[in-house]
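Look for chain A in each of the two complexes below; its partner is chain B in the first and chain C in the second.
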Partner chain A sequence: MSKQQQDDIENWLSDLIAEILEIPPSKVDRTKRFDRYGLDSVAAVSVTGMLGKHLGRDLDATAMYDYPTISTLSRYLAESMEAEGIKAESMEGAPQ
Partner chain B sequence: MSATSKPAIARTLESPRLHRVQQRHAIAVVVLSATGILLVVGFAVAGYPPGWAELANFAVFFIIAGLGISVGFHRMFTHCSFKAATPVRVALAVMGSMAMQGTLKFWVALHRRHHAHSDEPGDPHSPYVLENGTPLHGKLAGFWHSYMAWSFGHEVPNTAFYARDLIRDRIISRVNDLYFVWVAVGLAIPAAIGAMVHGGWIGAAQGLAWGGLIRIYAGHNMIWSITSLTHIFGQRDFATPDRSTNNLWLSVFTLGEAWHNNHHAFPSAAILQFRWYQLDISGWVVAVLEKTGLAWNVVRAGEYARFTNLNSDLPTSGARQP
Partner chain C sequence: MSTLPNPGASAKAIQFHYDIGNSFYALWLDSSLTYSCALWDDHDTLEAAQRAKIDYHIEKSRARGQARVLDIGCGWGSTLHRLTSNAGVRSATGLTLSQEQAAYIGQQRWPGVHAHVESWSDHVPSAPYDAIISIGAFEHFAKLDQSPKDKIEGYRGFFRRCHEWLPPGGCLSLQTMAYENSTRADFSPFFASQIFPESDLPRLSEIASASERLFEIVSMRNDRAHYARTSLEWRRRLLRRRLEAVALIGEDAVARYDKYLQLWAIGFHIGTMGLLRLQFRKLEPARLH
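This part shows the complex of A and B:
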């Protein structure tokens, strides 16, 4: 479940980075650091903003510095979203 | 969540944090400029008027940073009007950063936005319309907005949209990210020169003031003249869709950038001297780089630009390209 989610985010991010760099998505290395891709702080805000909108959650621009590759950021997001999902489910079941 | 939905990359970013960063940078420029003015006035009053060393310090660093902006940031990085060896590209990126007009990628993104929307909604610094589309009716309001007021409130141009070629460039990206180091170097070297010439702290402070702070202020006035005056006063040799103008009287101080109507008519031309009297110092530098083999693929406007009748319509292919 989380793995599927992670793959989805990874693919989406790779597509976006590929579009910015104007290279084929297959050429995007998911373990390469974002700053090595030449993304400056403005471009990083652009990427996290779009990713946040895509996932329907607020995403701080610092996420790209804390999790500096496509694969680590995707894993972090998939795991935290799964954890939040479990919490939300248990909250729903809990008496108010 | 579909993995295939294609995102559209925005031209500008709604980011309060980045807006604050931009605003603080603009304020820092004003504070440093004012400090420079206070320093030189204070020194003059205290019996240390500027001598030849101070004026030379100023002139040398004005030209270094100015060529970095004009030849580097503008003609090469923004408009790709010539290609150059990597050391030349790095040197021009460093020199331009010393001008303290923002990072290279920011500068390029902002200026490409100016060319994409010249004197129309979306132009960050038009005398005729605000970036959000509100028309500017007053002459004075238009001048003030396009001179320096724009720098406090413009949209954040998205480098991921406007400056992708630079994002792809590994070495230039490294230089870009060291922006504040280059600004500091541009202050430290003239201060060191001042200290060597006169000895001691007074010499250093004079060098800092003339070669650093006042020089940064003058460089901003150079660029603010382009964003405002060369869209207001002067001759329109070419009937471009914007309102850009040519101004002989500004051409030396702006290192040739005041041939701004020539530039809007032929944005990818590296040399703006279309007629013999159109002094273009930056263009001469490009020509020297070409002669020495450090630059190549130098784009020239061609015969049309030099021999066409004034105020003639342009061929559509010539205009509107960053």
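This part shows the complex of A and C:
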């Protein structure tokens, strides 16, 4: 389930980076560091802003530095969203 | 004692940022309206971390129990209030270039607290001060277009004044952002034109050379991670009150603050900027010139 989620985020991010860099999505390397693509802090703010909107959750721009590639950032997000989902479920099921 | 030309940001440039509206800042700063890097250490609320930061500077300036304390760049007065209400200080004087801030402090009617709309460079005290604190204002004491020599000379004017106003062995506790792994050339045009006009950051080496033979540096902390956390916390609070913020200052201005707080968080997180807390002790006797 989290793998599916991770793939979805990866695909969405690759498309976005391809659009920003004006290259075909197939040319985007998901293990290359964002800064190697020439993305600076202003780009990090707009990428995390758009990504946050897409996922319907708030995302700190610093996440792009803690998880500096498409694949590590996607994995982190998928895992943390799954953890939050599990937390929400178990809270719903908790005795009142 | 004559006054000096203000080497840093003009009152107009300061008011551009700080006078956008007290109720806007009240939406996302903590309830004491402290607008500078907090000290998180063992604290996990913004409120507590701001108080800890203020107490840190009260301790380092040795202000506790003193008669007269000066706060240079006093914001909305959180340090002044803590000095008189908690640290046993009889009289706390604050300087700010923001009219809104001074008006707010006046409205509080805090006993023993006085705020003036005046640059440190124009300040002529009626009597010396026992301790001096300056938090998050030094970032406004130089301009990007100054030569490196003029920049240090401007800072030195500040340290000279503090030196004149303190008793032998008196302390100044200073907190400021600084260039860390970056230079003036990296100063973002977005900040220079839309957030903090007429302002430049110091380097630690410039602070050291500007204070040489006037003060000795007794202690220093670089807490840049604390500012990354403070900026992100401010932004979260701003987003939570987004609609009210938009109603007060408009969509574009809120977007500007959102972007600035995120860029700051990144800068402190990756170390392009540092956050220095420095304790200075007056050197005696000093050869001033």
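Definition applied: the second predicted complex is superposed on the first by the 95 of 96 C-alpha atoms of A that agree within 3 Å, B and C clash if a C-alpha of one lies under 4 Å from a C-alpha of the other, contacts with A are read in each partner's own complex, and residues count from 1 in each chain.
One rule holds in what follows: contacts are C-beta pairs under 8 Å (C-beta built on N, C-alpha and C of every residue); 3 or more make two chains touch, one makes a residue touch a chain.
Note that this is a predicted model, so its numbers are computed, not measured.
Participant: Quick check for you: in the superposed arrangement, does A:Val42 touch first (chain B), second (chain C), both or neither?
Facilitator: So A:Val42 meets both chain B and chain C here.
Participant: By the touch definition at the top of the document, which applies to A:Ala61: first (chain B), second (chain C), both, or neither?
Facilitator: After superposition on chain A, A:Ala61 lies in contact with both partners, chain B and chain C.
Participant: Applying the touch criterion given at the start, work out whether A:Ala18 contacts chain B, chain C, both or neither, answering first, second, both or neither.
Facilitator: A:Ala18: touches no partner chain.
Participant: For the three-chain arrangement built by superposition, which of chain B and chain C touches the greater number of chain A residues?
Facilitator: Between chain B and chain C, the winner on chain A residue contacts is B.
Participant: In the superposed view, which residues of chain A touch chain B and also chain C?
Facilitator: On chain A, the overlap between the chain B and chain C contacts is residues 41-42, 45, 61.
Participant: If you look only at chain C, which of its residues touch chain A in the complex?
Facilitator: Against chain A, chain C makes touches at 188, 190, 228, 232, 236, 239, 259, 262-263, 265-267, 269-270.
Participant: Across the complex, what residues on chain B touch chain A?
Facilitator: Contact set of chain B toward chain A: 1, 3-7, 9-10, 13-15, 17-18, 103, 105-106, 109, 156-161, 164, 166-170, 173, 176-177.
Participant: Considering only the defined contacts, which chain A positions touch chain C in the complex?
Facilitator: Touch residues, chain A against chain C: 41-42, 44-45, 48, 58, 60-62, 65.
Participant: Which of the residues in chain A come into contact with chain B in the complex?
Facilitator: 5, 7-8, 11-12, 15-16, 19-23, 35-43, 45-47, 49-50, 54-55, 61
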